[in-house]
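You will see two complexes here that share chain A, one where it goes with chain B and one where it goes with chain C.
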Partner chain A sequence: MSPDTAYTSDSLSENLIASVTDLKVYFQSKQGMVHSVDGVSFDIVDGEMMGLVGETGCGKSVTARSFMQLIQTPPGVLAGGKILFKSQKNCNKCNGSRCVACSKTGKNILDLLSLSESQIRELRGERIAMIFQDPGKALNPGLTIRTQLAEVFQEHRENDVFKKAGITNNLDGINGYLLKKYIRQELNLITKLMLKFPPFSGFRKKVDKAIDGLVTEALAETQIPNPNKIMERYPHELSGGMKQRVMIAQAIACNPDLLIADEPTTALDVTVQARVLDLIKDLQKRHQTSVLYISHDLSLVRRICDRVAVMYAGKIVETGDAEIIFNNPKHPYTQGLIKALPSMTHERGKLEAIEGMVPELINPKSGCRFASRCKQKKSNCENNDPELKVLSNKDKSHKVSCFLYE
Partner chain B sequence: MSQDLKTSSVAIEGLNDSAFKVRLKRNLEIIQNVLENPTTVIGLIIVILMLLMALLAPIITEPNMPDPYQMPRDWKAARSAPLTPGHVLGTTNRGGDVYYGVVWGARTSLKLSLIVVCLTVVVGVTIGSIAGIVGGKVDEILMRVVDVFLSIPELIFALAIAAILGPSFTNIILALVVVFWVKYARIMRAQVIRIKQREYVDAARVMGDSKMQIYLKDILPNSFSPVMVQATLDMGNIVLVGATLSFIGLSEAGIAEWGVLVSEGQAGISAGRWWASTFPGLMVFLWALAFNLVGDGLRDVLDPRTETKR
Partner chain C sequence: MQIRDYIIRRLLVLPVLIIGTSIIVFALTRIGGSPIGIYLSHEMNPAEVQEMKERFHLDKPVPVQYFYWIKGVTQGDLGWSGVASAPVVDVFPKKFAATMELAIAAGIVAVSLGIALGTFAGARRNKLADHIIRVVSVSGASMPLFWFAILLLIIFWVWLGWFPIGRSDPNLFEAIPHPTGFYTIDALLAGNFAAFRDAVWHLIMPAVALGYGATAIIARMMRSSLIEELQEDYVDAAKAKGLAERVVLKKHARRNALIPTVTVIGLTFGFLLQGTVVAEIIFRWPGLGRWMASAVLRGDQATIMTYVMFTSILFLIVNLVVDIIYANLDRRVVLGE
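Take a look at the complex of A and B:
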């Protein structure tokens, strides 16, 4: 299969790293089609932090998982849309050996949804990484932290391992062959035995040491105290915050272009949350990684994100610069959300709540999804679908989907 | 709860220890947990004694050449009572030394149970994994086959197959494999389905692991402990069923096997020669009991869902 087939002719403007257009993900159920994500569009600017906010069940995680083709089909149905991804900012890190994006062709825009399993596999971990919600569940309980982190380097950073081990010129012939197999863990009985004895065993030990060194560095970067000791531990011996740090170390080990963080701090308590958030923000700035940060916590997103998209019942209702959205929300839903936030700075009296319930997403009717709860509802809201439109010509990034502004 | 406290305290204490020490401590703790249960300890002691007996058989008895698995026949000393010189546990009415039969019977049983357990685990785990991972129609078909196998009582099924294949020790092994693999397929399928929905499997996919890597690193090791418990329990059950089959006469005549020995001695029981059947029968009982005790103990330690009573 030629890698060229993965590229689309679509273009992506200079400053974007990824762009979701009209993404529709449905799920089959006995009651009918659940429209979990129904026409979501947003852009992720290169090197920025994009926040995706919304309440439980509005389709945030489904959107994020679509980036990695993690939606099981069936029951999931990809009903349409595209996720365009600029796969390579600069190509010096993969050395072209096992990478779709680097081999030839001037174009480097991929449609993540149309990639084959083997193609998306080469992006996973390498270009796009993901941090999960519950660090306690996202680490294999049966392996030590070292083994789990080493896997990343073995899989994606073969050349770095060799460089670190100082064996760069002995890589031709049988020695290189054996060591490459060793790193990729594709050994059979004979090669395993060969590596047990000199002269190969010396090289193997060097490689082991190099991998250990890389693992320690990756852990140290997440400010874990005593990375040498932590390495030997099993996940159940670490605290939640430490596990999340290990997850982060695992995710950024390959210096991905895009990091998807699916509510990474929800399972942590508040003080640890703050520290993990600072860590993510710090790493993002240092590595110039783009981040898609998913959360239901508005104040948290405000603290770290450059840009925000607000989701409601499978649709984006408002998107734009974080500060603008928080200071000058336009959509009634966003306004309601912000009114519901407690404030420390000024007296606001009673907190407001948004009345009503989230609508049923099974075979939904047309019309604004928020109409049933909206206080500023107009006559055409119930029957017509509002589109996500630019508000004013001054700020093209601020878009709202509401009939109030048409 | 007490378990949690224990491990966390180890984690804090251990911060300054070397990696080796941490591992040693962890393994010691697991062994300690196993040994805390007195019935498990009893089972373990019997198992160890049985294994020693099986392994040291050529030393503690004089092997009957050329085939040590055949009972030696001493027709002159037939029907002697226990504690006769040269025949500590007496002889059968066909001159077989009961002591020799008991000792070499342990070896036969060990051979039988090990071969059958290994084969059934391999077959069952493979089929169960395929059913669990592939799912859909494949799963449906495989599991209906398993249902059919499970619907026939173990002993009768094994008996029927062994009878069709003809009397020999190899055929008993075959019959037992055919009967016993289904449980492992069931257990493994359930485990695989449970584990494959775990978030760390998603995390592994996100890291770019292939399906095979995920299976070998994440799914298989994490779903193996119930299989191990079942295998330990089956070490006992297989000998029990195997002895029954040889008792009926479905294994080669005259081999040193507990079931064969019991059937050889049964004619003499009414005449007061109790020893020829009792000792091998007792061995079967002890073997099955010991492995069941150990299996139960293992389950308590390996399965987090069973509450440990303290």
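Take a look at the complex of A and C:
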């Protein structure tokens, strides 16, 4: 694989780590094409927490999964757009031999959607990591926590493992061949058997011990008590909060540039939610990781995110600084969402709901997607698509997609 | 509970189950009437008939007859086979080993091929390979064994002459001892490679014929459960770690897809034993098949009881093994509850 083919000539402004431009992801169904994500654009500022808010089915998760090429095609169709990504850190994997994940190449801007399978694999878990919604489903029920966490190190930290095991000088010949196969999970029956007997078994045990150490460290990072014991457990033996901590440990194990958190607290108890949230925030600050935080819970996003993008029916309707969006929402949908939130400062009384239903996303007509539910609808809303535009020259980051402001 | 403790506990319960099975087997066979007919001939006068009844304890009440049977079994006397005109214990072990060898070989074919084909098809859902495997497995599940066996016989024995029928080349096997009765194992123990090759060669065609139906069932089960597992979140999570497609499939998805498949594998073992009767008759395999068929038709109860007892015990053991494998795969199973 030539490393240069992966890079694009597109540029990304200095402070951004990733930028989504006009992303379109459709799904084939019997009724027609479902436009799940239909022209989404937003930026993620380096070292910041970006919130992506929207109701169920609006395309948040599809957007997130597109970052890692985790959309199954078919039925998924990548209909257009770009996700530019800038790798920030020097990579531990290639030792400067210019791999895709590495900023040493100088030209380090990648279009995530056009990478090949092997190229995106270099980034997955190494530069971009993901936390899933339901930790009970995202961990394999048949494997121990150790086995699952170890895979991250085996895949991306081969050299570290050998260094930690103190066997970097013993990697010549058949010994190195076997141990590398062992770490890369490429063993067959014969090589597996060979590693069970001396002289190879001794080295294998050292490698296992080194991996144990790395796994323990990763688990300790997420404040799991007794990581040594926890790692021998199976997922069903742990509580929901514990499992999510394991998922987080797995995601940040390689200290990624970008962490995608897809509703990480939705499946958890309210009391556990707060602690997991604090943990993510704390880790983000300590490691200067950029986070794309996906949620349907506005109050939660307000609490932890620096900037927010509001999504509705496959499009971004408003994006900008979190405080500005919450205090001074411009788009009627955002306004509706915020009115539907209970607040300590407002009078007691009924909360306002947004009337109507989310429109069908199968072969949608042109026109503002929110028009059917909008109280401030104008004559041109039904037939024309509003564009996401900067509201005023004072704050260039605040963008709204609505004809009210044109 | 530890798996080791569980196995010990199950093994301790095994004798109780075997005694229970023996009562059921005896009762069910005796419902068919007194077995005296098989021991009589037309020339016997009433006094001789009475003498035969007394000799086989058939003049006693049925529960007492059961104890006579059990007493005989524990002393290595399985009764007299009217069909074989010999004590059951003289004929049974050899033929039983032959049948077992065939059934186990067919089981190996079915399990390895079924899992491999199912995994291959499931990972390539709706692609050409999947469609081909679907045709293969639908025909396997729907073709009657006797028809498929005859088809193989015609093609590979009559036309092509690639595979022999029968069990072995007698010239090769008369020379070596038979400690296990499994010709393949006997040949290996004797270190006679030519004999081993001959035994395997004879085994292939009947094993494939017998295993094909079970292969089809296992492959279809494996395919559908693998497709289900591949939709799970943990598969995406595994990919998100940067793992290769191969590792995601083999280490993550296939492992969990095996859980429902293992249950099916346990069930198909009965299917295989049942099929041996047909396969043995068609391929001239010297197993229990033909003997058993005529024993059932002529009411040779000593033979029937021995056969049912042994297959029941085998079933108990196979079930124990399946449970252990199941618990190993699915860690959420609490053993012994």
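By definition in this document, the second predicted complex is superposed on the first by the 357 of 406 C-alpha atoms of A that agree within 3 Å, B and C clash if a C-alpha of one lies under 4 Å from a C-alpha of the other, contacts with A are read in each partner's own complex, and residues count from 1 in each chain.
Please note the rule applied: a residue touches a chain if its C-beta (ideal position, glycine included) is under 8 Å from a C-beta of that chain, and two chains touch if they have at least 3 such contacts.
Note that this is a predicted model, so its numbers are computed, not measured.
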| query | Which term applies to chain B and chain C once both are placed on chain A by superposition, clash or fit? | reply | clash
| said: Let me test your reading of the model: by the given contact rule, A:E232 touches which partner, first (chain B), second (chain C), both or neither? | reply: first
| message | Let me test your reading of the model: by the given contact rule, A:D395 touches which partner, first (chain B), second (chain C), both or neither? | response | neither
| Between chain B (first) and chain C (second), which does A:H156 come into contact with in this model arrangement: first, second, both, or neither? | both
| Does chain B (first) or chain C (second) touch A:N140, or do both, or does neither? | both
| task | Scan A:E406 for contacts with chain B and chain C and give back first, second, both or neither. | result | neither
| said: Let me test your reading of the model: by the given contact rule, A:E360 touches which partner, first (chain B), second (chain C), both or neither? | reply: neither
| message | Given 23-31, 59-67, 149-157 or 185-193, which part of chain C has C-alpha atoms clashing with chain B after the fit on chain A? | response | 149-157
| field | Contact residues common to both interfaces of chain A (with chain B and with chain C) | value | 68, 70, 121-126, 129-130, 132-134, 137-143, 151-152, 155-156, 185, 234, 236, 247, 250
| field | Sites on chain A touched by chain C in the complex | value | 65, 68, 70, 117, 121-126, 129-130, 132-134, 137-143, 151-152, 155-156, 185, 234, 236, 247, 250
| query | Quick one: in the complex, what on chain B touches chain A? | reply | 7-8, 10-11, 15-16, 19, 22-23, 26, 198-200, 202-210, 213, 217-218, 221-222
| remark: chain C contacts chain A in the complex at 232-234, 236-245, 247, 251-252, 255-256, 259, 329-332
| chain B touches which residues of chain A in the complex? | 68, 70, 121-126, 129-130, 132-134, 137-143, 151-152, 155-156, 185, 226, 229, 231-234, 236-238, 247, 250
